[in-house]
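Shown next, in structure tokens, is the structure this report addresses.
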Amino acid sequence: MSLVASADVTTPRPQGARPYPLASRAEHPEDTVVQVGGVAFGGQRVVVIAGPCAVESREQLMETAEAVRAAGATVLRGGAYKPRTSPYDFQGLGEEGLELLAEAGARTGLPVITEVMDSEDVGLVARYADVLQIGSRNMSAFRLLRRAADTGKPIMLKRGFQATIREWLLSAEHILAQGNPRVILCERGIRTYDSEYTRNTLDLNAVPLLARETHLPVVVDPSHGTGRSDLVATMAFGAVAVGADGLMIEVHRQPGEALCDGKQSLSTGEFGALMAGLRPLAALLGREV
Amino acid sequence: MSLVASADVTTPRPQGARPYPLASRAEHPEDTVVQVGGVAFGGQRVVVIAGPCAVESREQLMETAEAVRAAGATVLRGGAYKPRTSPYDFQGLGEEGLELLAEAGARTGLPVITEVMDSEDVGLVARYADVLQIGSRNMSAFRLLRRAADTGKPIMLKRGFQATIREWLLSAEHILAQGNPRVILCERGIRTYDSEYTRNTLDLNAVPLLARETHLPVVVDPSHGTGRSDLVATMAFGAVAVGADGLMIEVHRQPGEALCDGKQSLSTGEFGALMAGLRPLAALLGREV
Amino acid sequence: MSLVASADVTTPRPQGARPYPLASRAEHPEDTVVQVGGVAFGGQRVVVIAGPCAVESREQLMETAEAVRAAGATVLRGGAYKPRTSPYDFQGLGEEGLELLAEAGARTGLPVITEVMDSEDVGLVARYADVLQIGSRNMSAFRLLRRAADTGKPIMLKRGFQATIREWLLSAEHILAQGNPRVILCERGIRTYDSEYTRNTLDLNAVPLLARETHLPVVVDPSHGTGRSDLVATMAFGAVAVGADGLMIEVHRQPGEALCDGKQSLSTGEFGALMAGLRPLAALLGREV
Amino acid sequence: MSLVASADVTTPRPQGARPYPLASRAEHPEDTVVQVGGVAFGGQRVVVIAGPCAVESREQLMETAEAVRAAGATVLRGGAYKPRTSPYDFQGLGEEGLELLAEAGARTGLPVITEVMDSEDVGLVARYADVLQIGSRNMSAFRLLRRAADTGKPIMLKRGFQATIREWLLSAEHILAQGNPRVILCERGIRTYDSEYTRNTLDLNAVPLLARETHLPVVVDPSHGTGRSDLVATMAFGAVAVGADGLMIEVHRQPGEALCDGKQSLSTGEFGALMAGLRPLAALLGREV
């Protein structure tokens, strides 16, 4: 799928049996394409998902949604339920946030993705969202995975920040084994011994590795992956270069005023510059963005 | 220096005082260019260092050296002293390896880089090598750093596989404080909780982060960084995309017969394909390779 | 509480404000004692929780329950819902397992503890269990924490295998802030870069550290903490020596035939030997077991 | 060797061939005892090594040496060469420090241990020291290991803070294969993802694990292992409980004025209290201290 991937093909690796038969590339050689409305994850186009960390208000969301669509994003993100380490932080608007998100999706024509944090909420979230996101902390919440699978909706499964590749693919296997083949993987940074300058360590190695291990599409989230807005664009560039099928980027009209993760959010202007920078790179790789 | 870096410049970060004043970008805003013969690390050209993990024989080295030069490498690598976890593994040819390396450098016209593992060897290695490499295990061997600094030769300082960015820059500071400004940093993968599918986790985030923290050039080694030949080309591509000033690639005429690290070595043919793939990417970024 | 702890008291540390005011020792200097029937966590007695990883059958459970009670355990454990990395592994008996557990508790007179994995199950599990266990993978499942808190039952909160001490105490804070003060912490090993010889790295440092940071009782699980039955007794000994308020030990009548975690389970005979070994140590520390 | 170890013996593990034949317990079932003057590492007595992080002055060292001897320490430690992350920190007194250390050893009758950081210094350090310490950063400095081995002196090999058990034993194998059987292992804490409250994570699991894997004696250093003086005594207690053959404790007459690692140093009074606390525990285990 890239200039380089074709070079790599000259060194095939013998692959032993994997404990995730449904997710395994060895057993399903062809790429899976997950269709969401008019958007295809795993196809020739690099899908860009953008929007705020959290839905905060109608104005904030609509303004951001219009801006990211204008810049070329094809999926809108926004959190209604936020998993927060502290019980004293903003926990999201809940159903009101879902309604606003659906409204923004309808207005912009963009499909929407949002996180479902708990089995109890699956039905509710599935009424509003086009793609269900399973967050990093919940990658091993197996009941939640099954409930989400049962909706039949596409599911974006973020990597646990402490999860091995094997564990991640086994969590995908939980969804696939439940009868829902529409799984998108999202690399979002792992926890290492060094978190002084960056929040996480974005693991771009996972992208070409997953391309060998699985047929599922892979999205990269450099916002959480680095935790620093000034590194997001460069790492997004790197993600596309190593073959990512999509990007997830946090964008806020006023990052300095965000209720959540402002330090890692691009302004709408920065996001536009990023999109412009990505186009020639995608073209070089025989893709578009 | 890249399409994307220019976008990033719009979000400057306030920087506190750093404990590495000589290495700090804040105190030395201009890029350092380390000149090695006709090769410049930190300039417009992405420098590609290639060659075998270990010097094994004249034939092996000469054949590989000619091939990597023909493919476009501008520096030749090869280990004469190998730090091996087991005392029962091949430890390198020692001075004989250094002689062969110098001979290969003379024959191909390429400057040579090789690892110096111990203070005792600094004088000897410096007689043969154009660049002294400090290996990952020795990043905190402070006497060795000072001895190497005293030769006045350029020094490529590999990141300890467990080292934080701060520790790495402080090790560079040891060299700079000794009066040798010719330091090249080399990211080569860190140790994380997951080493089932890859030997290390190549930390590409370090590249744009270091571009903010320091003025020193940064090289990326995807061979050690992944430990798998089938991932090397893609990660090299990613490294250039995120702004690396150079690459270090292990190449062997017969990877399957290498005495050291054969699993992560490219064949000469694969290396040629990689170089061909990198040229249009470098051009897109306003660089060459 | 120990010979040594009294020595340590001579070096008090100034403590900054903590983000977990309800859990913080600085704001609540006195030890919290969590009473479960006649058993007190956080008191003078070291509480030993024992039983099988999973409830497999009436015979297996009853035999094990009788044996651990005879050896001196005062709480019975057993999993009815098992979080399994693979969807193809035994997932537990569910409600049937809960019924058997309650029956075994009634027969032996031991209070029972079992894991609740999902918000949906909280009501059901709370009908059968005396203590609700939140497993390592769910330490940050915040809705589950709140639902469990709402039952008013004592909650044993296992440390996420990737969780910092700060994050762990913030998860406890979620429960406390919901109005349930009956929280027991359980250290069960963390994930590090080395998992060749042991499944996890049991972090005994957490025990005296938590004694400074929080007033909540702390239990240690050396079974998961090491993953090896031949290390369990020694690490249990160490846990008591550093001041643990309790132990959680997996015991199976036939470890070699266990459906889950047999490698880390003690036989009933080994468990009896462990209990005998612990008594003089506890006595030395002014405690009993 | 402990109440508990005897219980553990009931669960022998089949052991595959190890890559460290000389260090392997499987091939050398009997405990190695390393004799240093009248002190035996690996015997019935738990050896306590104590003294300052760095030799700072005659008065500081002599006062501390007398105090630790009076409290029951049987080996004196003190650093003359200090590996410091920053080139701007105190690097130790060098040869003057060695002379003071030898003088203090002679005056107190205690054998002395000190770190040798570089191959160049081995001869010099060996003239003054009874035991050569290889520090954590140098565990994989293989030439240094061989040079140290060649002196025939006992060698205390600290675990690299990033080293696996396998790598550690392979470093010991480098020394053993050089013909020096007098190797003492020292666990001193590993680097994990959490370093907010403690400097390192002391890995007490390593103690019983090493007792199975190797015949070499194992010492524990809770000073570096935690980095906090208020945790040292408790973790020392835990180390003895899990079977450590010795302890290494940093002691300073005025921890608040230490030039190095004052935060983790006990005062002489605290050290005396620790020794008093350890005696009944050792007695319980059939050992003395």
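Chains here go by letter, A, B, C and D, matching the order in which they are written, and residues are numbered from 1 within each.
Just so it is clear, a contact is a pair of C-beta atoms (placed from the backbone, for glycine too) under 8 Å apart; a residue touches a chain by one contact, two chains touch by 3 or more.
Keep in mind that what you see is a predicted model, and the values were worked out from it rather than measured.
Visitor: B-C or B-D: which has the larger count of contacting C-beta pairs?
Guide: B-D
Visitor: By mean C-alpha position, what chain is farthest away from chain D?
Guide: A
Visitor: Approximately how many whole Å separate the CA-defined centres of chain B and chain D?
Guide: Inter-chain centre distance comes to 35 Å.
Visitor: Where the CA atoms of chain A average out and where those of chain B average out, how many Å apart are those spots?
Guide: Once rounded, the distance between the two centres reads 32 Å.
Visitor: Report the inter-centroid distance (CA atoms only) between chain B and chain C in whole Å.
Guide: Centres of chain B and chain C (C-alpha means) sit 48 Å apart.
Visitor: If I count partner chains per residue in chain D, which residues reach a count of at least 2?
Guide: Counting only residues that touch two or more other chains, chain D contributes 162, 191-193.
Visitor: Considering only the defined contacts, which chain A positions touch chain C in the complex?
Guide: Interface residues on chain A, with respect to chain C: 19-20, 83-88, 117-121, 137-138, 140-144, 160-162, 167, 170-171, 173-174, 177-178, 191.
Visitor: Provide the residue numbers of chain B that touch chain A in the complex, in ascending order.
Guide: By the definition above, chain B touches chain A via 2-8, 10-13, 162, 164-166, 190, 192-194, 196-198, 201-205, 207-209, 212-213, 225-226, 228-243, 266, 269-270, 273-274, 276-277, 280-281, 284.
Visitor: What residues on chain A touch chain D, complex-wise?
Guide: Touching chain D: residues 162, 191-193, 195 of chain A.
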